[in-house]
Amino acid sequence: MSKYFKAEITDNISLNKHFKILTLTPQSDIVVPQPGQFYMLNSNNTYDPLLKRPFSIFGCKNNTLSFLYRIRGKGTSCLSNLRGGDIIEVIGPLGNNYPEPAGDFIAVAGGVGIASLLPLLDKRKNTGYLFYGARSKDESVMLSEAGALSKETFVATDDGSEGRKGLITELLKGFLNNLKSEISNFTLPIYACGPNPMLKELSKIARERRIKCYVSLEEHMACGVGACLGCVVKTVSGYRRVCKEGSVFDSEEIVW
Amino acid sequence: MVNLSVNIAGLRLKNPIMTASGTFGYGEEYSEFMDLNRLGAIVAKGLSAAPRQGNPTPRIVETPAGMLNAIGLQNIGVKAFIKEKLPFLKKFDIPVIANFFGDSIDEYVKAAVELSGADGVHALEMNISCPNKQAGWIVFGTDPEIMEQVVKAVRKETKLPLIVKLSPNVTDIGLMAKVAEDCGADAVSLINTITGMAVDVKSRRPVLANNTGGLSGPAVRPIAVRMVWEASKAVKIPVIGMGGITTAGDALEFLIAGARAVAVGTANFINPTAVIDIIDGIEKFLTDEGISDINEIIGSLKIRS
Amino acid sequence: MVNLSVNIAGLRLKNPIMTASGTFGYGEEYSEFMDLNRLGAIVAKGLSAAPRQGNPTPRIVETPAGMLNAIGLQNIGVKAFIKEKLPFLKKFDIPVIANFFGDSIDEYVKAAVELSGADGVHALEMNISCPNKQAGWIVFGTDPEIMEQVVKAVRKETKLPLIVKLSPNVTDIGLMAKVAEDCGADAVSLINTITGMAVDVKSRRPVLANNTGGLSGPAVRPIAVRMVWEASKAVKIPVIGMGGITTAGDALEFLIAGARAVAVGTANFINPTAVIDIIDGIEKFLTDEGISDINEIIGSLKIRS
Amino acid sequence: MSKYFKAEITDNISLNKHFKILTLTPQSDIVVPQPGQFYMLNSNNTYDPLLKRPFSIFGCKNNTLSFLYRIRGKGTSCLSNLRGGDIIEVIGPLGNNYPEPAGDFIAVAGGVGIASLLPLLDKRKNTGYLFYGARSKDESVMLSEAGALSKETFVATDDGSEGRKGLITELLKGFLNNLKSEISNFTLPIYACGPNPMLKELSKIARERRIKCYVSLEEHMACGVGACLGCVVKTVSGYRRVCKEGSVFDSEEIVW
């Protein structure tokens, strides 16, 4: 069940040059989102940009919704110009959600992918091992907040300015290799959101170790509700809509 | 009370607002946002006799006030549509128009025949913006002769109201509308998307996996209004107008220019209740202007001389 | 240092950025905003043998990410141009391209001959998006045969480089480009505006006094890029691309798709230094990408298969 | 001489529901505008709205420019959303200006036409007879400010909520009929800005009495600099560009 509603911007705070958190207050009743779901947001009321943009639910408290976003192109630039009191139109929550972990789990966030995973870490406090990879210290936003919700936190950055230098998937491999054998497979599933190459590598790691791995995918979207067929991903059973059958998929289903 | 109902090709529509094929799924997708019973008609995603998997991604890219799509006509095929999707649509009290296509005349006829036999399909819309594999991949709808062959072939095989959906990628849209009429179409609809391309300058590759795509959205509206006007002057059968309709005002432009009904496409993506807002907006406009029947508006354009 | 210069039809351009006819006046209007010497070439407002007063107003209306214009080709006529405007343009060290038109073959030839005799005109651009009064007002550029007649007639009478400016209101732009090439054109330029219409719903009249107008601006860019790509595949002569170019990135899309030069039109209205910003932006892009010559970019599109 | 420059919004104050005053600080040297000139302003940096919109110079003080505007359609709505600190792009000053009155003069403002005339009243303080017509009291904005700069003020509104009920041209006729005969023709010229029917009526009044009458015209504009030929008006010597040969014309030149 998803809705189309208007919402008033509560605030739009800069974390640094590239990242902001948008908080909004819906002007009508909403459906409570689950971790992994997303919303389509517009950033102004003109025809340019034309389409809404998808953003993962980052927080839902006291009848406000918040989104953590990175300024990339036209749409997110316009979004970053919104100010308290502005009204925008929102569709959501959309898509499926992360299947609830039965016990402890691994969360692998690549950059702004943390936006999608933090609600899961929050819901299952102190049961998630957080692996957070980013380009640099600057780009590992919300690290301490996410870390505080996690059982243990591992960080890697491309330039070594935060945590280990290198790929987060390498850190994860080390961790998995050191795991006691009784923890395995379904008892410690992976939940991941981030750039495609990272997800692809995770799917390999998971397959080799027969670990369940859920990935949240990104595709360009027009409608967000399953109508346009614009956002498909190739799966073992043909093209599937990221906005409808996803964005969370079992990594085994994806034709990488 | 304002009368909003119009007649098209033997169908009575509660109001002249339909959904544009391919932008409203099979109806289900938007049913949680509105009461589908309010629509004038529902036009479903384009169907082929056999299922199609469509193009790789990227399939869509935004352009100024528009978007290019190259979905590649992904669809579940006529049989699955009848079995899996039609039962849902039959629950509503509105005409269901099945849009279909093929890459050969045989494929067109096959799809049309199967759809005509299905209970709950009230009319057919034939998308002729597809390449003909038997004629060097020339798009059916851009050559009057090839178009004539396929429309005639389909017309012979179905008794359902037949709407021919014209391609805008032509020199003379009035001529194409006339060909459709002469071949026995009960209505024409236009415009389908206009072929376009976007280039990623860094990689120097087309953005879309299919290289080119179809332009839709507000950007095309002035072209669409002009073509609807030209087509409605060229034929006596009803014209269904579309292309960039986003507001009630946009829909009225088409109706005034000669469309007896209109379809809303890309706007659904931006506003999932666009069709309802447009219906309400038209009703309000007529009330405000003191016009009691939508039919008074249709084709009422006063050309300047 | 990056090489930006390109050769078109025997002209050497410092850079591939020109102004689009009708959007840059006769050069003077924008000379207070920039050094005209920086331009690749200047294309002046379309001229006819005799002056034309043009259409009544409204002549322009904004549309989503675009505008419709129906100026009606108002111009001071070839003679006044040569006497009053050319002396100013001659002060600059850039090629001056005179755009011209007519409503009969004779008119075209007359304008071409007079312009060819003028010192300071370096090339001719022939606008064939005009109706032919001798052939039932069919637009020259939408019928291959009528187009052939007029291009051949002009070609015979001028030795100046001849650019034929194609109309986008056709089914097959590649074919039209080929006809121009076969008739002896030295280059083709495209796209001219796409015919469109806007309706004022309150008065139920077209917004423009001329009923229809030509659509230009960012809205048309995807269509223009596609057509430039198709035209450049169809001919060996250089293609000059235009339609919605507003940024250096837009210009690069056209160059990559096959245009050897580009023209900036509607963007001048929004940003009077658009041409300069685009030249600078292209130079920066090439530098950043480590490309030393603009000619490496031209037609470098890697089609996806 | 006109320029293209960026400017920062200083403020954007509402006078009432329909009218606002936008003040901006150019970020580079400007050319000082003359009464009657105008600027092209954009209202956001996207392609929708696409074209800049023309606005008369309303004030130029301490290196700021201000504009009085009425919210009408898309462009002016966007303009009304601008806030302090926003940057916009501006072209101007453009067009010709009101020829400077030799002595006393009559200024006839229809509605927001006051924006164009107030700088003239200001420049020639207490020498102008102001005739101000508007739909209602609400719409006769800046009346007291303009009145304070004028020798005498006459007001008419359609609904009589301010000044006399009726047309301002009727008030003007009465005034002219009562004028002592020594004041006439060139000694008391008319300067007018407002809706076309008002200007047309003024041109008649002026012709009958052989008074010089300058009208500032409006036309839809694309470029504002004389390049597109979109904004022409029919004159006795053919079409003339409102943005270049105007916007101020001798009313005798216009084919009404």
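Think of it as A, B, C and D in the order they're written, each chain with its own count starting at 1.
FYI, a residue touches a chain if its C-beta (ideal position, glycine included) is under 8 Å from a C-beta of that chain, and two chains touch if they have at least 3 such contacts.
Just so it is clear, the model here is predicted, and its values are computed rather than measured.
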| item | value |
| --- | --- |
| Fewest hops from subunit A to subunit D - one hop per pair of touching chains | 1 |
| Of A-B and B-D, whichever chain pair has more C-beta contact pairs | A-B |
| Greatest separation from subunit C - chain, by CA centre | A |
| Intercentroid distance (Cα basis), subunit C paired with subunit B, Å | 33 |
| Whole-Å separation of chain centres (CA-atom averages), subunit C against subunit D | 36 |
| Chain centre separation in whole Å, for subunit D relative to subunit B (CA means) | 47 |
| Per-residue multi-chain contacts in subunit B, two or more chains | 64-66, 217-219 |
| Residue list for subunit D, restricted to those that touch at least two other chains | 47-49 |
| Arrangement of touching chains [line / ring / star / complete / other] | complete |
| Subunit D residues touching subunit A - in the complex, by the definition given at the top | 44, 46-49, 74, 78, 83 |
| Subunit B partner contacts - residues on subunit A that touch it in the complex | 1-4, 42, 47-52, 89, 91, 219-234, 238-239, 244 |
| Subunit C partner contacts - residues on subunit B that touch it in the complex | 63-66, 68, 142-143, 169-172, 194-199, 201-206, 208-213, 215, 217-223, 225-226, 229, 244, 249, 252-253, 256-257, 285, 289, 297, 300-304 |
| Residue numbers on subunit B that touch subunit A, as the complex places them | 22-25, 29-30, 32-33, 45, 53-54, 56-62, 64-67, 69, 71, 74, 217-219, 246, 266, 268-273 |
| List of subunit D residues in touch with subunit B within their complex | 47-48 |
